[in-house]
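All remarks here apply to the structure that follows.
The letters A, B and C name the chains in turn, as written, and every chain counts its residues from 1.
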Amino acid sequence: MPRYAKHILFIVAPLVAAFAILPFAYNNQLLLFNFVLFLTLAQGVNVIYGFTGYLPFGYVGFFGAGAYGFSLLILHLHAPPLAAMGGAAVAALAIALLLTPLLRLSGAYFSIANLAAALALMQFISNPNLEAITRGPYGVSMTGVFNPRLAYTMALIVMAGAMLVAVWLRNSRFGLALQAVREDPVSAAQAGVDVPRARAYAWLISAVIAGLAGGVFAWYVTVFYPENVFSSDYSIFAVVFALFGGVSTILGPIVGVLILYGVYNFIGFSTPQYFQLIYGALIMALVLFLPQGLISLVKRRGIDVP
Amino acid sequence: MSPDDILRIDGLTKIFFGFRALDGLSLHVSRGEILGLVGPNGSGKTTCINVVSGLYAPEDGSIRFDGAEVAGLAQHKLVHRGINRTFQVPKPFMQLSARENVEVAIAYGGARQGEVDAAALLGSLNLDAVANRPAAELNSAQQKMLDLARALATKPKLLLVDELAAGLNPAELDWVAAKLKEFARSGMSIIVVEHLMGFIEQVTDRVVVMNAGKEIFGGTLGEAVQDKQVVEVFLGGGHAH
Amino acid sequence: MLTYSLLAGLLFGLYFSLVGLGLNLVFGVMRIVNLAHGDFLMLGAYCAFWLYTLFGVDPVFAIPVAFVLFGLVGLPLYYLLVPRLLAARDPEMLSIILFFGLSQVIEALATIAFGTSEQSIPGGDLGRALREGWGRLTGHEIESGPVEIFGQSFPSAWIISGVASLIAVALVYLYLYRTRTGYLTRAVMSRRDEALATGIDVNRVSAIAFGIGIALAAVGGVFAPFMLGSITPAMGVDSTVVSFAVIVMGSLGNPLGTVLGGLVYGVSYMLVQSYLSSWANLLPYLLLIAILLVRPSGLLGKRVRLA
């Protein structure tokens, strides 16, 4: 059996099946939805950070763009939710195309510019002058399309798609080329890779994943404010989960989300500042003691991790 | 341009912050020829390789390769046309295995499907034992060979070799020299930038001596050491070999 | 209104230079991004607030206290975090995540200690002790009211902040260009690897720069109650973003370019406030992106930072 088939059969399929069955056994549906959402976002971060080395500190910009892309089609064109999901993808894609020049920047410059772009987008959308179009700071309400079961199913489909992208990158020439670009762009170009184009593709794919996640989030909650869908928590959580598990693998981001997000919800802090304290300390410990993620513990023993 | 020439450079100029690293350089390379590029430090040898391989665009001048003007093309496009190079300090894809390093170049370098076999290529450069190890774990001589393998995987018609010999022991040097001659016999043209004059003497058919971004001498190494200007430049630059 | 905006912009610009200065010093020397910069500014602000509230200390005297206190915090913090970070693969990227974690820890601790309510210090009390001292010495009391420049009146706190910022920048300049450690610091900034090879104690030089960077943030915080309005434990993030905008505009890694960045930012901020106030929040971000894309090395920078 080829490697990618094994990865689909033994990683993607069980994961999707588990989250398809869990709602029947476990009644905290919102928590399950959030798990699916973060699995998707962490894998999306993996595409751009794990495979190209660009740390998207404003990743939430695509998530928010997707949420608004979805909502505007519902609010103004009364589109059916399925078609509006297309709007989510297109909105994220458009923003990503607009921001493609940022890929010319390297290292921290890219991350900072990306963060600024996400914040600018939020300020723009929540500006009271645009109330007629975006509802400005007053938020979006689309109670007419409220259908959490269908939205959850869509979230599963989006997550499966994100996982398949990771499987593809892990097993394809293109994924290998991206990693080569990450390791050394000059040598990669000298191997014949069109470096700017390879980066741009990874960027756009990663953006569409976040955009679809944002769209499905908007559908699931139907009522939200700009600061909900542009909360930098999404960027940070997604990055930290992916990093905790270990990027540039399929399994790393999955393990990261299941363990870290699981632990957070298991402990359950009543006061947000204690949560923030422990969370912050954990991030620091992660960077200092396990910068390559949990997966690196296994890899160190010479075991190849999918 | 003689039909035998694979590469002809005319009036090539590259300026860094007002400094003319290449100042109207002209040279040519025939098919199957090994040309040595020598000169004191800072004479523009590596800059020449960097411009021909597309790392920098030249300010002026022409680079005709295989019958077409290629000056200013992007690196990967030049790779597809058949120009490749090695680096003085190789930067392989550290986290990828040696085999994957070569596979990227096979997949993207423009060679026809099945034309290059990764295992055979690694074997021919004595890398078969480390094929599945991450490049980061290879020693510096092995990393140089891996860099060469990456270049060869794209089936270049012109190979630019930048200081390949530095850091190799005498036995390895002889072996590399034999390899380069073998490539040339199969029709590949090669430009060798090198400080070790023994190595230049061993492999090249002809040398171009550079100083201050220009050619000051063209001919065999034997003739070069008789040339007054060349001797002066080398003594002045402290390279009296 | 134009004169007012320009002058106020210059005053704020000087202040913003101070806000960004420490961040730029740290990036310049260590090539790491201190995402907790704004949180040290917030702590400096609380330092001034508590000295004022508990002991009635004029915030002007909180400046040396904050500088020394946070300089001393910065040194051990450097040894705790940075050498380990620099040993990792891709420290520049990881620094963003590491210091984000630190920022969360500081914000959480500050919230637990100080609560979430907004605090402030009356503007007239900045420099009150100095004015009274001057009055006792010379017999001429200086009024604490607004100061007139070119027929425009500004709160005296703005003037004091602006002047103090200018002095801080001058001191950093003197440190970098007139002291031996400063000379070594510039050597590390231009080529860290070569500095290591020549036997410079890079760790010591970096630790001092890190301490100064954090101390400068705290000093900027002393003026925050007057320049940024009220203070809260959550103000750090915004301050960090503003600092970034300022230093990227000036030139990342060149501390003195910060002044130009600060002035450009301050003036454009005030102009947008006056003429386009509803879009003012968008400004720092758009300015940051535009400058990064159009002139990636900053207004004063030479260093190339393209991928």
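Everything that follows uses one rule, which is that a contact is a pair of C-beta atoms (placed from the backbone, for glycine too) under 8 Å apart; a residue touches a chain by one contact, two chains touch by 3 or more.
Note that the structure is predicted; figures quoted are calculated from it, not measured.
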item: Shortest contact path, chain B to chain C, counted in steps; value: 2
item: Most widely separated chain from chain C, with each centre as the mean of CA atoms; value: B
item: Pair joined by the larger number of C-beta contacts - A-C, A-B; value: A-C
item: Whole-Å gap separating chain B and chain C, where each centre is the average of the chain's CA atoms; value: 49
item: Geometric centre distance via CA averages, chain C-chain A, whole Å; value: 33
item: Distance between chain centroids, defined by C-alpha means - chain A, chain B (Å); value: 43
item: Footprint of chain A on chain B - complex, ascending; value: 53-55, 74-76, 79-80, 84-85, 87, 90-96, 100-101, 103-105, 107-110, 147, 150-151, 153-154
item: Footprint of chain C on chain A - complex, ascending; value: 53, 55, 57, 101-113, 115-117, 119-120, 123-124, 127-129, 185, 199, 236, 239-240, 243, 273-274, 276-277, 279-284, 286-288, 291-292
item: In the complex, chain A residues that touch chain B; value: 173, 176-177, 179-180, 183-184, 186-195, 248
item: Chain C to chain A touching residues, read off their complex; value: 27, 33, 81, 84-85, 88-90, 92-98, 100-109, 111-112, 241, 244-245, 248, 252, 278-279, 281-282, 284-286, 288-289, 292-293, 296, 305-307
